[in-house]
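You will see two complexes here that share chain A, one where it goes with chain B and one where it goes with chain C.
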Partner chain A sequence: MEKIDNNKISSWWLLVPTSFLYIITFFIPLITLLVMSFSRFESSVTTVGFYLDNYEKILTDGITLKIFFQTVELSLMITLFCLLLGYPVAMLMRRVGPKARLWILLLVVSPLLTSIIVRNVAWVLILGRSGMINDLLISWGLISKPLPLMYNAFGVVLAVVHVYLSFMVLPLFAALSSINNSLEEAAASLGAKPLSIFFNVTLPLSLPGIMAGCTLVFILSMGVYLTPVIMGGNFVVTLPMLIEDAVRNRYNWPEASAMALLLLVAIGIMIVISSSIQKWVKS
Partner chain B sequence: MGKKLMSNLEGYRSLWPRRILVIFSSLVLFFLTAPLVILIIQSFTNESYLSFPPPTYGTRWYTEVIYSEDWQNATFLSLTIAIIVTPLSLVLGTLVAFGLERGPKKGKQTIQAIMISPMVLPHIVLGLGLFKIALQFNISDSLWAFVPAHLTITIPFVIVTVGASLQTFNISLEEAARSLGASKFWAVWYITLPIISPGLIAGAIFSFIISFDEFIITFFLATFQRTLPLEMFSTLMYQVKPSIAAVSALTLAITAILTVVLMFRGQVVGGGKIIK
Partner chain C sequence: MSNIQLKNLTKKYGSFNAVDSINLSIKNGEFVTLLGPSGCGKTTTLRMVAGFIKPTSGDLIIGGSNMVGVPPQNRKVGLVFQNYALFPHMSVRKNVAFGLKMKKMQQSLIAEKVNKILETVQLQELSERMPSELSGGQQQRVALARALVIEPEVLLLDEPFGALDKNLRDHMRIELRDLQRKLNISTIFVTHDQDEALSMSDRIVVMENGKICQIGSPSEIYENPASVFVAGFLGLSNIFSAVCTKIIRAKKTIEFEGLTIEIESEKLNKSDKISIMIRPENIQIYKKKNDSKKEDFLGFIKSKIYLGSTIQYQVKIKDGPVILINANNSKILNYQDFDTNEEVRVHLSKNAIYPII
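Here is the complex of A and B:
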C-alpha cells in the first residue's frame, strides 16, 4: 500500500493561485457557454432553461451544418498539407548532423516567434490582387488579368499551413528521432525493399508523432478565425466566423454558445479517433 | 549473401535520397521564411502603394507609423498588457510546475492535464465565454479583463517549459544546499532556479509573444480599446497600405529583439547566480 507523504501533498498548495484564476477565467466561462447553449433566444430576450432550440436550429437550418462540414474539410486539408510538407523536413532533421539539425530547428520554430497577423499580412502582400506574384507576372507579360490567389480556399489553406506547419514538424521530429536506426537496418538485412521498409517500419513507428501532429494542427485549424477572415474575405465562411457574427452582430448568445459546443464536440471526436488509432496500432 | 545484404542496406539508405530530401526541405523552409523577408523589403517603399520590388526605397512609412497617434496608443496598450502578463504568468506557471513535480505521483497526470487544458481549447470558444463573464462583471474593454484572459492562455506554456526543465533537474543539488543550512526558499532561489533558467526563459518568451500576438479573445473583450493586432486588423480590412507593412516589420523587430535580449540576459543572470 502506497503511503501518501504529507510533505508531498502540501506541494499542491502551489497550484492554488492558478486554480483560482482558472475557475474564473476558464471553468465558469465554459459552464456558462454550456448553460447558454440550452437557453432560449426570442425577440432579443434570453430565457435560461433546458431548451433544444439552438441545437435544433443548427442541425436543421441547412446552412450552419454545411458551413461546419466546410470547416472540417478545410481543417483536414490543412492538416494533410502540413503532414506532407512537414514529414520530409522531420526526416531530414533526423538524418543530418547536430549542427545542421539546430539550424533547421531554428528555421522551423522561428515562425512561432512572429505574430500570426504579421504572417497573414505578408501573404496578402504576396498573393493579393496587386500583390507580388500578380505584379511580377503582369510585368513579365505572362498574364493580363490578376490571378485570384486569395479570397478563396486556396489562399486560406496556404496561409494557415504556413502558420501551423511548425506544430506538425516538432512532434514528427520527436517521434522519428526516437526510432532506433538498427530496426530499419535489420529489416534491410533481412531483404526488405526500401519502400517496404519505409511503409512497414519507419512510417508505423512514427505514427504516434503523426497522430500528435495531425490532432494538434486539426484542433488549431478548426478554431482559427483571423486567417480565414483576412485571406478568405467573405468568400470562405467557417464556423468560428459564424460564432463571432452571432454574438457581435446579432447578440444571440444561445446560438453562438451552441455553435461553440458543436466545435468542441468535433474536436473531442478527433481526439477520440486519434487515440483509438494509436491504441489499435499498438496492439 | 553478404553482397545482397550490402545492396539492400545501400538501397534503404538511398530510399529517401538525401539530395531530394534536402531540396524538398529547403523549399519548405523557404516557404516558411520568405514571406517575412518579402514583407520587410516591401515595408521600405517610398511610394504611396505597395509593389515588389519597390521602385524607390526609403523610411517614409516608418516615420508615418511612428508619429501616428493610433499606432502609438495600440503599441502602448499591447506592451502594457504583455509586460503585466509575462511576470505574472511566469510566477503562477512556475508555482504550478513545482507543485506538480514535487507533489505526489498519484493523480499527477490528471491534474497536469487539467492545468494545461486551456492550451487545447480553441481561443474563439474561450474568448466567447470570457466575454460573457466580463460583461457580467462589467469589466470588458479594460486591463482587468485583458490581463486575466491572456494569463489563462500563457500559463500552460510556462507549466510545460518549466516542467520539462524541472524533470531533468537533479534534486540532490537542492538537498545539498538545504543540508548546509539554506532554507527551502533560498535553496530554490539560488540553486534550482538558475539551473532551470532555460525553461524559465522559454516560458517568459512564450508568454510575452502569445500575449503580444493574441487576437480573437481581445477582439471579443475590447469595444473601444485597441491592441496592436486589433489595430492592424481593422486597418487591413479597410485598406492594404504600406503603413501596415511597416507596422508588421516593427512588430517583428520588437519580438525578435525581446527574444534575443531575454535569452542573453537569462544566460547572464543564471550564470551570475551559480557563481554566487
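Here is the complex of A and C:
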C-alpha cells in the first residue's frame, strides 16, 4: 500500500515540464491581464493600481457591451451550425469502415491544413460580389444583382464553421464510437424505429461529446479574429476586433485587458452551463 | 410461442460461408441450443433470426410468415445479449419499460406489466437503480425481463451467462429454464458451454464450420454422437480408429490399438474402418488381485486426477492404448482407490463401446 502511495506522489513529477510551460504562457499573462485591467490609462500613460475605469467604460459606453453580445450570438450560431453539420458526419464516420473513416476525417480537418490567408482568399473568390456563385446565378438568370454572400454575418459564420467543424466532429465521433452497437440493436429488437433509437439511445448517450464539442467550438469562436475581419469586411464587428483596435491603434492596454477578461468570463459561464446541463441530464 | 423454421439459411462473407445452408425446425415452446466451437456460426445464425444480418440465401419462417427482409423492430423477437446491452442512462424500470413505450402502450398498463415481470425475475426492489449499480447476475435478469416483457414470439439468447461466475451461472440456468417453461416461449440459446447445453435444452444443435453436424436431445447427442467431432466436443471420450475383422451375424469382432473385442452392431461389415467412442465413465477398473475374467485387460495407472465426485485415471493397457477412465468416488458404493503405477484390471463391456459409422 505504502509503495503505491509513494508512486502516486512521485508520478506528479511528470507534470513539471508542462507546469513550466503553463506558468510562462498562461498564469503569468493571466495575472498581468488582471493587473492591467484595473490600471488607469490617461493621456497615453498607464498607472498601475485598483481603478474601475476600464470596466465602467466597457459597461456604460453602450457600444462595447452591444458588440460583446453580438460576439456571443455569432459564436452560438457558429456552434449550432457546427453541431448540426458535424453530427451526421460523426455518425457516418462511426458506421463506415476504417478506411472510409480516415478519408472523411482528412476531409473534415483539411481546412486546418491550409493557410488561413489561402482559405479566406478562396472564400472571396467563391462568395464575393463577382465570385463564382454570384456569377453562375446571374448567368443562369436566377438573380439579377449579386447576393450578399459575404461581408456579413452569413459569410463569417460559413467560413468559421468550415474551419471549426473538425473541433466538433472529433469529440462527437469519440462519444459516438464509445456507444456499443448492441444498445441500438437492443432498442431495435424492442420495437424502436430508427428515429426513436436515435432520440432515445444514440443522442442521450452522445451528450458528453455534444457538450465537449460545443464548448470547444464556442470558446474558439469567441476568440476568432482574422476570419471575421476578412469575411466580415468591417460590417461584422466582434469583441476581439475591439481589443485589437485598443491595443494597436490606441495603445490602451488596460482597456484591452478589461475586454479580454470579459471574454474570459463569458467562456467561463459557458463551461459552467455545459457542465451543469450534463449533471442535470445524468440525474 | 411460435414455431421457427430455418430453410437452407446461408450467410456468406465474400466466398466464406459463415453459415452454410442450415435447416432447423423449432416447435412452439421448444428450447433449442446452438452449440459449437468458436467461429462456427452460432452468433451469425442468431443474428439472422433477430434480423440484424440479412441472409445471403434461404428462408426464415416465424409463426408461418417469412421474415426475410422484415426489419428487427417488426419481428417480435426478444433478444438477450452477452454483454446485456442495458441502456446505461435509464433505470431498471425504464429499461424494462422501453419496449412497451415503443409500442405506445398506455402508461398504467406499462407500469402493471413492468411490475409483473420485475416480480417474476425478483427485481422489484432494485427497479429505481441504474444498470451500473447492479451486479452481473442482476443485470442479466434485467436484460431477460426487458426482452420478455414485450411478449415476443421468440426468445434469442447469445451466451447470456458468459460473464457470470459458475455458481451464479448454474442458478441463472435453472431460473431461465423455469421462466421459459412457464411462458412457453420458443427459445434459441447460443453457447459453447457443453454443460449448459446438456442441462437446459430440449434439443441441441451441434455446429461446425457453419454447418449442422447433429440435432438431437441431450442424451441422443451425448450417447449416440453422429461423428467423431460431436463425440469429442461433448464431454470426455476415448476415441479410437478400429477395424472390423470378423462377423458372426450381429456379433462383430473389432480390433483397435492392438486390442480385440467383440461388440454387437447391425450395420458393421467386414473390414470396415470405423471410429469407436468409449465414455470414461463406462469403463470399470478393479484391483488386480480379484479373480479376473478372461475378457478383462491388464494395465497400470499412469496418472490420477482427483475431481471430487469422480477420480480420473489414465490407464495404460498392456499391449494397448492409454485410456481415460472416470471412477466414481462415492464412499458408499463399491469404492476403490488406486495408486499411480498400480497394476489394475480394466473391464470394457460391449455396451460401453459405441461405433461411429
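Convention: the second predicted complex is superposed on the first by the 255 of 283 C-alpha atoms of A that agree within 3 Å, B and C clash if a C-alpha of one lies under 4 Å from a C-alpha of the other, contacts with A are read in each partner's own complex, and residues count from 1 in each chain.
FYI, a contact is a pair of C-beta atoms (placed from the backbone, for glycine too) under 8 Å apart; a residue touches a chain by one contact, two chains touch by 3 or more.
Keep in mind the model is a prediction, meaning the values are calculated, not measured.
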Once the structures are superposed on A, label A:L106 by its partner contacts, choosing first (chain B), second (chain C), both or neither. neither
Does the superposition put A:E185 against chain B (first), chain C (second), both, or neither? both
Looking at A:V45 after the superposition, I want to know if it touches chain B, chain C, both of them or none. Which is it: first, second, both, neither? neither
Just to be sure I read the superposition right, which of the two partners does A:P204 touch: chain B = first, chain C = second, or both, or neither? second
Among the partners chain B and chain C, which is in contact with a greater number of residues of chain A? B
First (chain B), second (chain C), both or neither: which does A:W123 touch? first
I'd like to know which partner A:A256 touches here: chain B for first, chain C for second, both or neither. first
Of the two partner chains, chain B (first) and chain C (second), which one does A:K193 touch, if any: first, second, both, or neither? both
Which of chain B and chain C A:L142 touches, first, second, both or neither: neither
Hey, what residues of chain A end up touching chain B and chain C alike? 185, 187-189, 191-193
Can you list the chain B residues touching chain A in their complex? 4-5, 8-9, 11-12, 14-16, 18, 21-22, 24-25, 28-29, 31-33, 35-36, 38-39, 42, 49-52, 92-93, 95-96, 98-100, 102-104, 106, 111, 115, 117-118, 120-126, 128-133, 148-149, 151-152, 155, 205, 209, 212-213, 215-216, 219-220, 229, 232-233, 236-237, 240, 244-245, 248, 251-252, 255-256, 259
Per the touch rule, the chain A residues reaching chain C in their complex are 180, 182-183, 185-193, 196, 200-201, 204-205, 282
State the interface residues of chain C toward chain A in the complex, per the touch definition above. 50-52, 71-75, 77-79, 81, 83, 85-89, 98-99, 102-103, 146-147, 150
Chain A residues within the chain B interface of the complex: 2, 4-5, 8-9, 11-15, 17-19, 21-22, 24-26, 28-30, 32-33, 36, 85-86, 88-89, 91-92, 95, 104, 107-108, 110-126, 128, 130-132, 135-136, 162, 165-166, 184-185, 187-189, 191-195, 197-198, 219-220, 222-223, 225-226, 229-230, 240, 243-244, 247-248, 253, 256-257, 260, 263-264, 267
